[in-house]
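In the two complexes below, subunit A is the common chain; its partner is subunit B in one and subunit C in the other.
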Partner chain A sequence: MLARYLPLLQCYGNIMGRTTIIARPLLASNFSTNRTTSQDANASAQSEGRREEQDSSSKEDDVKFKIFNAALPLVHQLGWTKECLEAGAESIGLSKSSHGIFEHGGTSFVHFFHRNCNKELRKIAKDEQIESAKSDELTKVHQLLEQRLQMILPYLPQWPQAMALMARPHSSLDSYKLLYELADDICFFAGDRSLNATWYTKRAAVAGLYITGELSLVQDKSANCDESWRMLARRIDDLRKVEEFGGSCSRQQEILKDIAQSSLTLIRNLTGMQSYQRNSR
Partner chain B sequence: MLRVDHAGEFGANRIYAGQMAVLGRSKSAALIQHMWDQEKEHKKIFDDLMVKHRVRPTALMPFWHIAGFLLGAGSAVLGEKSAMACTVAVEASIVEHYNDQLRKLANENPEKHAEIMAAIKKCRDEEQEHHDTGMDKGAEQAPLYKAMTAAIKVGCKAAIALSTKV
Partner chain C sequence: MLDVGRKRASELGFSGMEWLQGNAECLSSIADNTYDSYTIAFGIRNVTHIDKALKEAYRVLKPGGQFMCLEFSQVQNENLRWLYDQYSFQAIPVMGQLIAGQWKAYQYLVESIRQFPNQEEFAGMIERAGFAFVRHENLTFGVVAIHCGHKL
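Up next, the complex of A and B:
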C-alpha cells in the first residue's frame, strides 16, 4: 500500500532537491527490518577490533548527525522523542518525516547520543594521549569516566527519560552493546592489556562504575554535582584497595606455602620419619 | 579467530607445563622444555595480535588453565611415550585447525590479513615440527595410542569450537 505513495514521496523529495537522501532512508525504515546505517552494521556484524575504523562516517551518517545536532538543543523542551527529531529536521530545512532515519524515534535518538559520546571519548583519549600518561591505570579510568559522565550533564533534567528508553526490553540489547563498548574503550585507553579473566572483571567494574555514576548524577542535588564526583572518587579508591588486597593475597600465598612446608618437616621430625629418610639414603 | 588461536597457544603452554611438572627430571625434559619455549613464543605473538586488534579473550581462560595442565600431567604420568602421544594428538589437531584458518583467510582477502596469516603460518610450521618430533620419539609405541589420540583430538575439536564463540 505504501508503494502507491512512493512516487509522491519521490516528487516531494525532488522538490526539496534531496531525492536520494530522503527516499532511501524512508524506504529502508519502512520496508527493511535490518539496521540501515553502515555504522550499525559495522558495530554488530564485524569484530570488536574495528571500532576506530567505524569512526569515519558515510553519507547517511552525515545526515543523521546533522539532524541529531539540530535536535539536541531542543531536548530541554521536547524531551528525547520523535517530536524533538522532527523539530530538529525542520530547523535545518529537511522534511519533517526525515526523522524516520532514526528508526525507533526517541530510543534511536538516545542510542545515537551515546554512540556519539563514546566517539568523543575515544577522540579525547587519543588527543590527550592518555595512554602514554604517567599516572596509574585507575587514575586514567577515573579521568575517562568523569569526562564521559560530564557529557550528559547538559541534559540531566531529561536524563531519566533517556535511561528509561534505554532500559526497555527491545532496546536493552543495544544498550548493553554500547555499555560494553564504553567499558572496553575506557579500559583500553587506561592502558589495560590483560588477556585473561581480569579482562572481564575490569570491564565489569568499569561498566558498574559508569552506571552508578549515571544513577547518582540523576538524583544529585548538590552544587556542580559534587556529591556524585566524590562518590566516584570513593569507588575508585575502593577498587584500588581491592587491587592491593589481591596483590597482598598472592604474597601471602607464598608465605602460606612456606608455612605448610615447614610444618610438614616438623611433623616428619617428630615422627622420626626424617631421620628414617636420611638413614635410608 | 584470534581468540581461539590465543586460547589454543595458552592451552598448549599449560599442557607442556603439566608434562614438565611430571617429567621434569627425565631424559625427555630438555626436549619438552624446548617445545614449551617455542609455544611461549607463539603465545607472545598472539598476545600482541590480540591487543592490536582489540579482540576479547575467551571467557574460558581459567578453565583451559586447569584443563591443559591436567591433560599434560595426566599423559605424562602414564609414561614418556604417552606424553609424546599426547603431544602428537594435540599438534595434529592444531595444524589442521591452522590450515583451515589459513584457507579461510586466503579466500577472504590475503592482503588485508597478511600479518595474521604470516603469524599463523609460522606457528603451524613449528607445531608440525613438534608433531614430527613426537612421532620420532616413539609416540606410536605408547599404550592405548589409538584410543588416547582419538580422545584428545575430539577434546581439542570441542575446545576450538567453544573458544571461538565464548
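Up next, the complex of A and C:
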C-alpha cells in the first residue's frame, strides 16, 4: 500500500531539493512512461490488497446490496429517492423502514451505485486481464472509461438527478473520493506505474475525462450516444498528441527553465527590484 | 401520560393511533415481527433491564425494521463535560425546587443520566440484542444521542 504513496514523497523531495520546480515537465510525459522498477510487483500486490478488502462482503453488506439491487429497476419510476429504496425493500419482503440503511436516502443510493460500478469495473479489468494486454496505456484507459460510462446508460433519464445529489456540498467529499478511486483504478489497470508528478496529472486527466463523458452523455441526443463516444475518442487522441509533442523531456525542461528565469527577471525589472542587484554589483 | 398523549394527538389532528400500556421489558400483547419501526425517547434510561427492552424491541420489529432511541448520553469534550456536570448538579436541582417544588426528582434525573452507559457502550448493547447497521449521532456535543439499528 505504501508504494502507492511514493510519488507523493518523491514530489516533496523535489520541492525541497530543487529550485527550478516550474521546469517539471507535467504534461509532457503523460501516459508515455514505460518505466518498470523493482517496486512494480510490490505496488500491484499491495494496491490490489487494499481495494480487495473493500470488495469482500459481510452479511450486512449482502442485505444492503439486495435492497439496492431490488430498488434499481424502480429508479425509472421513482427516481434516486428514499421512496425508491422503500419500494425496493418491500419487493424483497423487508420492512419499508429498511431505507434507513442508506443513511442519507437518495444521496446514499447514488453513492452506493457509484461504488458498485467501480467494483464492477475492477472485476472486468481483472477478468479481461486488461493490464497484461498488448495495447498501449491510453487505449486501455479509453476502454475502461467507456466500460464505466456505459454502466450509467440504463439510468440516463434520471442521471441528472443523481449528478445533482452528488454535487451537493455535504456529499462533495464523498464525490471527490469516489472520483479519485475511479481515476486511480483506471490508471492502475491501464498499467500506470509512474513514481513522479505524472502520477497526479494522469489521474487528474482521467477524472476530467470521466466528468466530461458523463456530462456529454446526459445531454446527448444522438442514436446510441454515438456523439459522446466520438467525443471521448477525440479527447484520448488529444492526449496522445500532447504525449508526442512533449516527447523529449529534458529538452522541454531546459526550455521551461529558461522561460521561468526570464519571466522572473521581467517581474524583477517591472517591480524595480532588479535595480538593487545592479547597484550591488 | 397516555391521556396527555391522546390529547396531543387529537390537537395535532392525528387519528387511527392505538394507545397501549405495557412493560417495555415484556411486550406480551404484541406479536413477533409486527412493526416497521420502534422509537423510544428519553425512556430507555428508566428501564431496569435495558438488554431485555432491547430484545423485546428486536422481537416485535419486522425484518428490515428500524430501532431508534433518543437518550441522554456522555459529553465527549472534557472541558464541556465539566461545565455540563456543574450545571447538572448545581443548577438543575435548584431550578427543579424553585419551579416544580421537587429537588429530589431532578437530582435523580441528573444521577440517572450519569448511570446510563455512554454512546459506544450503548451501541454495543444494541448490537448484542441482534441489531445490525448500528450507528449513533450526537446532539449538542453529546448531551443527547440518537442511536439507530436495523433488524435483518
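Criterion: the second predicted complex is superposed on the first by the 198 of 281 C-alpha atoms of A that agree within 3 Å, B and C clash if a C-alpha of one lies under 4 Å from a C-alpha of the other, contacts with A are read in each partner's own complex, and residues count from 1 in each chain.
Everything below uses one rule, namely that a residue touches a chain if its C-beta (ideal position, glycine included) is under 8 Å from a C-beta of that chain, and two chains touch if they have at least 3 such contacts.
The structure presented is a predicted model; accordingly, all values stated were derived computationally and were not measured.
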Contacts of A:W199 with subunit B and subunit C, given as first, second, both or neither: first
Partner chain in contact with A:D220 - subunit B first, subunit C second, else both or neither: neither
First (subunit B), second (subunit C), both or neither touched by A:L94: second
Partner chain in contact with A:E83 - subunit B first, subunit C second, else both or neither: neither
Touching partner for A:D184 - first (subunit B), second (subunit C), both, neither: first
Which superposed partner A:E146 touches (first subunit B, second subunit C, both, neither): neither
First, second, both or neither for A:E137, with subunit B first and subunit C second: neither
Common interface positions of subunit A, toward subunit B and toward subunit C: none
Subunit B residues touching subunit A - in the complex, by the definition given at the top: 6, 47, 50-57, 59, 61-62
Contact set on subunit A toward subunit B in their complex: 47-49, 51, 184, 188, 193, 195-197, 199-200
Residues of subunit A that touch subunit C when the two form their complex: 59-60, 63-64, 67, 89, 93-98, 100-101, 103
List of subunit C residues in touch with subunit A within their complex: 36-37, 61-66, 132-133, 135, 148, 150, 152
